[in-house]
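What follows is a pair of complexes built around subunit A, which joins subunit B in one and subunit C in the other.
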Partner chain A sequence: MAEDLVLDTAIRDWVLVPLSVVMVLIGVLRYFVSKLMRSHQAPDLKVVKEGQVILRARNLRAASGFIPAKSFRSRKTYFTNEENGLLHVPKGQSQNAQAQMFSDPNLAMDMMKKNLSMIIPQTLTFAWVNFFFSGFVAAKIPFPLTQRFRGMLQNGIDLSTVDVSYVSSRSWYFLNLFGLRGLFSLILGEENAMDDTQRMMQMSGFGFDPSRSLSAEKDGIDIIQHDWALPKMEKRAEDALKKLLK
Partner chain B sequence: MAVEGDPRASANKSLGDAVDDLPIFNVDNLQSNIKSIYYSRTFLSIIGGVIAGIWGFTGFTGFIFYFIVMAAASLSLAAKAKFSVHAYFDSWSRILVDGIFGGLMSFVLFWTFAYDIVHIF
Partner chain C sequence: MVGASEAARMERLESQVENGGGGAWEYLCLVRKLKARRSNKVLKHGLSILNDHRARSKLGAEEWTLYEQVAFAAMDCQQHDVAKDCIAVLSKQFPGSIRIGRVEGMLLESKGAWAEAEKVYARLLDDSPLDQIIHKRKVAMAKAQGDLSAAVKFLNKYLEIFMADHDAWRELAEIYVSLQMYKQAAFCYEELILSQPTVPPYHLAYAEVLYTIGGLENLQTAKKYYASTVALTGGKNTRALYGVCSCSVAIRQLTKGRNKEEKEMSDLQTLAAEALQRDYKQRAPNKLPLLMSMLKNMKLNS
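So, the complex of A and B:
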């Protein structure tokens, strides 16, 4: 069953290469379009304040070992105090923040724009591939897969005796979709690497960030056990000096 | 300890304090180091894919080749960091394991591409 099919050179020239080139170009285009379309959102004062508070709380947690216990405790109550502590968000307010986030028209538009700029090129390219490049073997993948993948990889080819390694152009499209992410991260600079999947994950978790992260920080600070590192520093300095003097 | 003219494994020494339980790292440097590793691995997967395709590896041989390339990359990255990983990264896994599966898709793409162009012409 492993007879080698001889495939027309024209397929190489007119299917594989153009498809890859088109996908790279569309990716680059999408990057520049998203840069142009990024509406400049005036940062909301409240959100910025909360962000800074969270940063302070995180620094406190990270560097807790460097301040004596009493200072740590006073800072801790400043943050987690039930009445007017910065991180304490009463229940009613926290729900509101989330609802507000979503109904805020600017934010919704932004998310929709980002989503669309992601979905439309993919859909269009997929439709284009299906329309023009279906019904023939496009490529051979160098590793064997089981028969179960046949339906997925060979959708336009209706012969059941062809080796599963010979795939249609639809699977070449998907292979490109996943494989070109690495290439994009190299040519487009850092943050455009995992555009589609990462953004989808971000979309789902976006609206709830502020109030949840406040309570998360509060819990974090409550949990932390203060371990003052300065006494140990003296011992370390002593050891280091001894080593030097040897 | 900046190494001139070497874009890979940028020697931004993130201050790794060897205190018992208080690792302190300069976040920016750490992130820049991690990015260097990511770029090197991506680049190597692409090149490795093209090489595997041209040489005509099929099936498991190709994947084994990929892991060999990744292992060689890890080794050279560790050597670049003078084997004192904790001065540059927060854990061994960053330099040894991170990003191996991310590069796999790029490797497969370029492997298929090169293999087809060269062998099934």
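So, the complex of A and C:
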């Protein structure tokens, strides 16, 4: 049944706007707290060196056509040599990175802090929303949805005949959760524009495993065929000169 | 890299400030951003801002950056007292800071007290062994003392860790060229071309080093790189055009009697010669006879 419910404007004033404001404020608060709690991690020599090796290997892959074949080959062996090539990681070491992550107390503390700073505000806000703002229709989504979304979006509303486009405030909360990144980038400056989706992704992908990226680069370089671009450049030079002299 | 528009803006600001118009602070910020080396102007205008209480308080937190900038400029102009005063103010505000320690080390360097500067840098490196700027200061010191082999050693050690730093590769290449170690210089230029393949000066420098090393294969490769410079600069680089001609002459001399490749290459050479002639006619017509006689000699020598 597609009847139009008329929603009280008081809902807008007292539910939607305060919820958004609260989430923005919590985000800003979280930013400042994380700045205070951030421990200065001294860069590790090995990590820096590996990062630079990867950059150099990537440059080699990208611009391999610009250097003579002999130089390319010597660099290729330098990087992928089985004994002491830069990118070659002996089998035993590659599994250690994860274990190292957990055993190193600094890293574990950092991760815990990051997780906490994310979980606690989220839990609190969600509980607050559920407590105060449940049991009524908060907004109408402008596009029609299937019945499957009913369970997710209409949580406090126990009428099964209401159109699925009418959602409860919990879905407004989720909308804000995923969408406030643009606002944060305006307020906090470009680099701090992290909203919760990105933090969640950061949380899940915490294993910065250098050995994996090293072997990925190594495979990349192994595959490459050297295609010397310089002879074509001679032709292009001729054309350029011809155009210049016309 | 300095963009052309920003460089023009800096020139304009410079003339404006020199002639008494305002905008000194903007000029100083731009100089700092573009890393231009205008030490006497920076010193003059920076000091005028710093000595004026009102202007200084208007800067707020940027005041300390200005102190640092003026200290560098003073060292460049050998005004050690000014530099010392600036450093004293800075170290009162930020005691024990590595950045200030660096500036102190540079003051010792500019006075010529190499041993003490070295001690200061060694101490700073103990605290933060991965500070790139301190490593580079050590290289600069070795170079200033004329000890090029020590500079090479330091640079190599630096590059073992920070191998993606293309400025360091460029510096190493230039030192190798001055030491006449051309093969190593060629390696460095290859690194530069790998990291920035569309920058013409690296192609040009690589071609020159190859041409200097000599040998048929190197000459042919050099000619290709001169050609790529010509292509990248649209034919406007005179040195590359000359390079093309000289390479062709040298190759022809080496391959006398084997004339299978001559016909393909000569197109590029004649075009380059023509472009050179036109360039000279436009820009330096009184040197044109020199060019003509050189080109005639090249054709005759084949």
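Things worth noting here:
To be clear about the criterion, the second predicted complex is superposed on the first by the 227 of 246 C-alpha atoms of A that agree within 3 Å, B and C clash if a C-alpha of one lies under 4 Å from a C-alpha of the other, contacts with A are read in each partner's own complex, and residues count from 1 in each chain.
The rule we apply is simple: a contact is a pair of C-beta atoms (placed from the backbone, for glycine too) under 8 Å apart; a residue touches a chain by one contact, two chains touch by 3 or more.
These figures come from a predicted structure and were not determined experimentally.
When the two complexes are overlaid on subunit A, subunit B and subunit C sit side by side with no clash.
The superposition places the C-alpha centres of subunit B and subunit C at an angle of 80 degrees about the C-alpha centre of subunit A, rounded in steps of 10.
In the superposition on chain A, A:Pro231 contacts subunit C only, with no contact to subunit B. Of the two partner chains, subunit C is the only one touched by A:Leu241; subunit B is not. Once the two complexes are overlaid on the shared chain, A:Pro18 sits clear of subunit B and of subunit C alike. In the superposition on chain A, A:Leu186 contacts subunit B only, with no contact to subunit C. In the superposition on chain A, A:Leu60 makes contact with subunit C only, not with subunit B. When the two structures are aligned on the shared chain, A:Gly135 is found in touch with neither subunit B nor subunit C. In the superposed model, A:Pro68 makes contact with subunit C only, not with subunit B.
Nearest C-alpha atoms belonging to subunit B and subunit C sit 6 Å apart in the superposition, given in whole angstrom.
Within subunit A, the residues touched by subunit B in the first complex and by subunit C in the second are 233, 236. Residues 128-130, 160-165, 187, 190-191, 193-195, 197, 221, 223-225, 227-228, 230-231, 234-236, 244, 267-268, 271-272, 274-275, 278 of subunit C are the ones that touch subunit A when the two sit in their complex.
Against subunit B, in their complex, subunit A makes its touches with residues 4-7, 9, 12, 16, 20, 65, 139-144, 172, 175-176, 178-183, 185-186, 190, 227, 229, 232-233, 236. By the touch criterion stated above, subunit B contacts subunit A in their complex at residues 19-22, 35, 38-39, 42-43, 45-46, 52-53, 57-60, 62-63, 102-103, 105-113, 115-117, 120-121. Looking at the complex, you find that subunit A touches subunit C at residues 42-43, 45, 48-49, 52-53, 55-56, 59-60, 62-64, 66-68, 71, 230-231, 233-234, 236-245.
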